[in-house]
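One structure is given below, represented as structure tokens, and several questions about it will come after.
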Amino acid sequence: MKVFANLAKPYMVWMTLFIVIPMLLIVLFAFTTHGNSVLAFKFTLANFGKFFDPVFLKVMLKSMEVAIITTLLCILIGYPIAYVIANVKEQWQTLLMLLITIPMWINMLVRTYAWISILSDSGLINSFLAYLHMGPIKMMYTDFAVILGMVYNFLPFMILSIYTALAKMDKAVINASYDLGANGTQTFLRIIFPLSLPGVISGITLVFLPAVSTFIIPKFLGGGQYMLIGNLIENQFITVGEWNFGSAISLIMAMIIMGSMYLTRRMDKDIVEQAQSAHGGAKW
Amino acid sequence: MVGSKNRFLFGAILIGTVLFFFYAPIMSLMIFSFNNSRSLTAWAGFSTQWYTALFNNREMMNAINTTVLVAVMSTFISTAVGTLTAIGISKSRKIIREIVINVNSFPILNPEIVTAIGLMLLYSSLSIEKGLLTMLLAHIIFSTPYVILSVLPKLRSLDPDIAEAAMDLGATPMQALRKVIVPLILPGVISGALIAFTMSFDDFVISYFVSGNGVKNISIMVYTMSKRINPSINALSTILVVIITLVLLVINLLPLLKKKEVRGVE
Amino acid sequence: MKKIGFSILLVSIMMSGCQTSKPTLKVFSWGAYIDDNVISSFEEENDCIVIYDMFESNEAMYTKLLSQESYDVLVPSDYMVQRLIQEDLLRPLDHSLISNEAGLMSGLLKKEFDPNNTYSLPYFWGNVGLMYNTKNVSEDDITSEGWNILKDTEYKGKIYFYDSERDAFMVALKALGYSTNTTSTFQLDKAFEWLKVLDNTMAPVYAADDIIDNMIQGNKDIAMVYSGDAAYIISQNPDMAYYVPEQGTNLWIDSMVISNKAKEITLANKWINYMLDPEIARLNSEYVGYSSPVQTVFTELSQTSFAGNNAYTPRIDYVLDEVFKYDETVKRIIAEQWLKIKAQ
């Protein structure tokens, strides 16, 4: 239907201008030096070289570390929650999922900001402890605060992903498993969990990506000294004005993320295949 | 089963704890928005002074204005463009479809900050002065992919020949589009529009990098105001939370209520 | 139906976009640096609209200027004024429209960064010092150690350090007995080491404006702050005190300048004149807590609202207090080094 195919053409032009070209610009700036205008550049690998200083590599590692911990926590907490919700009566499911997802719609800055007055040295928690004559705990500007902020912001996404996968599951397969004599644990480990993995994987994607690249949460809850890769990039573009170095860092980060996403998708395919064979096996 | 009561209790405690975790900070935000003093930790009596201060803050009202305007316009435009494009590529050659879908996914897969700096570099290189239009443009750019992604599955489930059938019966392509295709994919379009609206309304990272010259949205305002203790932020947040909750409750519970009515009639 | 909706949208864009037949003045200044009522009164008196945008640091302001944002009036610090003049980004002031400049403190004029005040006039001024909680920090420690108290492990985990590369290096250089405007890489390296040790042993929190409310609440015991912030903090929390070390510090002057891309030149000059009007300057100084450069206002407020508040009256003639000078090489070095310290 040629006539309809033409509908796509305007967007293709738009896409090139506004999606492809910005990416190319980042690559261009990453490989060139000085002059914040397009016309005054010369090619160099110096920007990348600058990044391979131990201090900056540490920032990258720290970001990955924090993102991985956050993702693991989200899975450990999110999976049981999603599982419990998926197994209650249907009208409760809708209500509970609604309660879980409402916070997702509230502005992330607002949600993170809320924690400042709770965690600070004279904040709500410490005031409560003081009332009980217990010493103040230092929570603000620590790893704990930043990871807490991240889990708080991203947990609903994980719960939503896993719940969707669990809710879509064919109950007949589960019943078949019980009929064949498997107990609860066996059914869970060999049927339910594998079949829910696509949900876990998509949850990981939804959590890891923003966790590794966010700069707001470390800025609000970690203080100026808590530098993650997102903070580094923001600093280079907004404060320091070193757009070339900033682009190089962004490129490196984008590559690492795309790499991990690709691996995850590969895992997803393998796991889905395994799950499907398990599914097929259980259904004789 | 004997264990089931325990499991019920365990489940209830788990869910209760998580819900408390989610809502406690929001509750604290809302409560202290009514605080009679500037503190966010010590209650000094009830007052609506921060709400008054909020409405009197001209910059804040401008930011709210900007946010709503940009959100509505970008939703409108990105939904229209996204839907038409999705229809277009569903009828295109496979290779075009593959290319568009892949490139389209860049803004979705990329961390927001990367998309943001890409746009910043683009505006700078073209010497475009930053302001309302650049923000609007940026929002359209990052919303449209989500609309496309939302509409495509619906298109895939359509009978491929239905448009042709309509035209065989005498409809013009335009009529086939408006009266046959669009109504059938409407749920996808609507959910795409909703996603576009939320993403635009809540956006911080991209807006932060591409706006300037005094143009701000709500998120940027909160960011600048958060350096000092300012319960007006709490007031604004409370208003947002209340509106969002009401809207979500209505959208989600209305169909359930309708179901009950129908069952009741039967 | 759709057509109606579309046209409503178009109309509303047009209305919001071109809301003005009134001239619009764009001012770019620090956060919380003005009494908001002053903006409205200026708008009324001059029948215009003021867009007041804010930046967090001189560096952030400069980067924004680079990326095509045009403002009329800017309020950079001394060394940044010097840089902007060097790079030809400013337009000279029209002194015939700024009669109020006669009321300025002479000690703040004709500084090296703008010897004839061709381009700039002071807005606020002050120095950098130590804010400390008198209940938890002994006055002896502060006076004897000066800047080095920031490395005194007795206060580990209890200090705020200002997130500004300039001020960080200033403190380090002064603690080591060097000039803040040194160009010696040897001395800068020593300062870098000093800061590295501080970061490793004291678990400092690097913050900017958020220091203010936190210190009012007493969340930490020592902070490195600007005198104006200190004046405000003391007025809200009498347990706090301000001390400027004998090792010397930085005397800073934030000045109003007009960008050479300015569109509303007359209005810009009028704005500057307005800010120097004693009534207006008093409102601003009282609200923000920073020392006013207008002589009558400064004298009056030192005796009334800020009586006994030594942070409001920084010393002017101390030989070891220096005004920053801009040097491009040095800037690049300290920018990179500061980043490394924070990223540690």
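Letters are used for the chains, namely A, B and C, taken in the order the chains are written, and counting of residues starts over at 1 for each.
FYI, contacts are C-beta pairs under 8 Å (C-beta built on N, C-alpha and C of every residue); 3 or more make two chains touch, one makes a residue touch a chain.
Only a predicted model underlies this, so the values are computations on that prediction, with no experimental measurement involved.
Q: What are the two chains with the most C-beta pairs touching?
A: A-B
Q: Based on CA centres, what chain would you say lies at the far end from chain A?
A: Most remote chain from chain A, centroid-wise, comes out as C.
Q: Just how far, in Å, is the C-alpha centre of chain C from the one of chain A?
A: Computed from C-alpha means, the inter-chain centre distance equals 37 Å.
Q: Suppose each chain is reduced to the average of its Cα coordinates; what separation in Å results between chain A and chain B?
A: 18
Q: Which residues does chain C have that touch at least 2 chains other than itself?
A: In chain C, 56, 66-67, 208, 217 touch at least two other chains.
Q: Could you check chain A for residues that touch two or more other chains and list them?
A: If we look for residues of chain A contacting two or more partner chains, we find 36, 120, 122, 237-238.
Q: By the touch rule stated above, which residues of chain B touch at least two different other chains?
A: Chain B, residues with two or more chain partners: 41, 120, 124, 229.
Q: State the interface residues of chain C toward chain B in the complex, per the touch definition above.
A: Contact set of chain C toward chain B: 9, 12-13, 16-17, 26, 31-32, 36, 40, 51-54, 56, 64, 66-71, 208-210, 212-213, 217.
Q: What does chain A use to touch chain B in their complex?
A: Where chain A meets chain B, its residues are 1, 3-12, 14-15, 18-23, 25-26, 29, 36-38, 77, 80-81, 84-85, 87-88, 91, 94, 96, 98-103, 105-111, 113-118, 120, 122-124, 127, 152, 155-156, 209-210, 212-213, 215-216, 220, 230, 233-234, 237-238, 243, 246-247, 250, 253-254, 257-258, 261.
Q: Which of the residues in chain C end up touching chain A in this complex?
A: 56-57, 59-60, 62-63, 66-67, 157, 163, 199, 204-208, 214, 217-220, 335, 339-340, 342-344
Q: Applying the document's contact rule, which stretches of chain A touch chain C when the two form their complex?
A: Interface residues on chain A, with respect to chain C: 36, 53, 55-56, 58-59, 120-122, 138, 140-141, 223-225, 227, 232, 235, 237-242.
Q: Spell out the part of chain B that touches chain C in their complex, as residue ranges.
A: Within the complex, chain B contacts chain C at residues 41, 57-59, 65, 69, 72-73, 76, 120, 123-124, 127-130, 132, 212-214, 224, 227-229.
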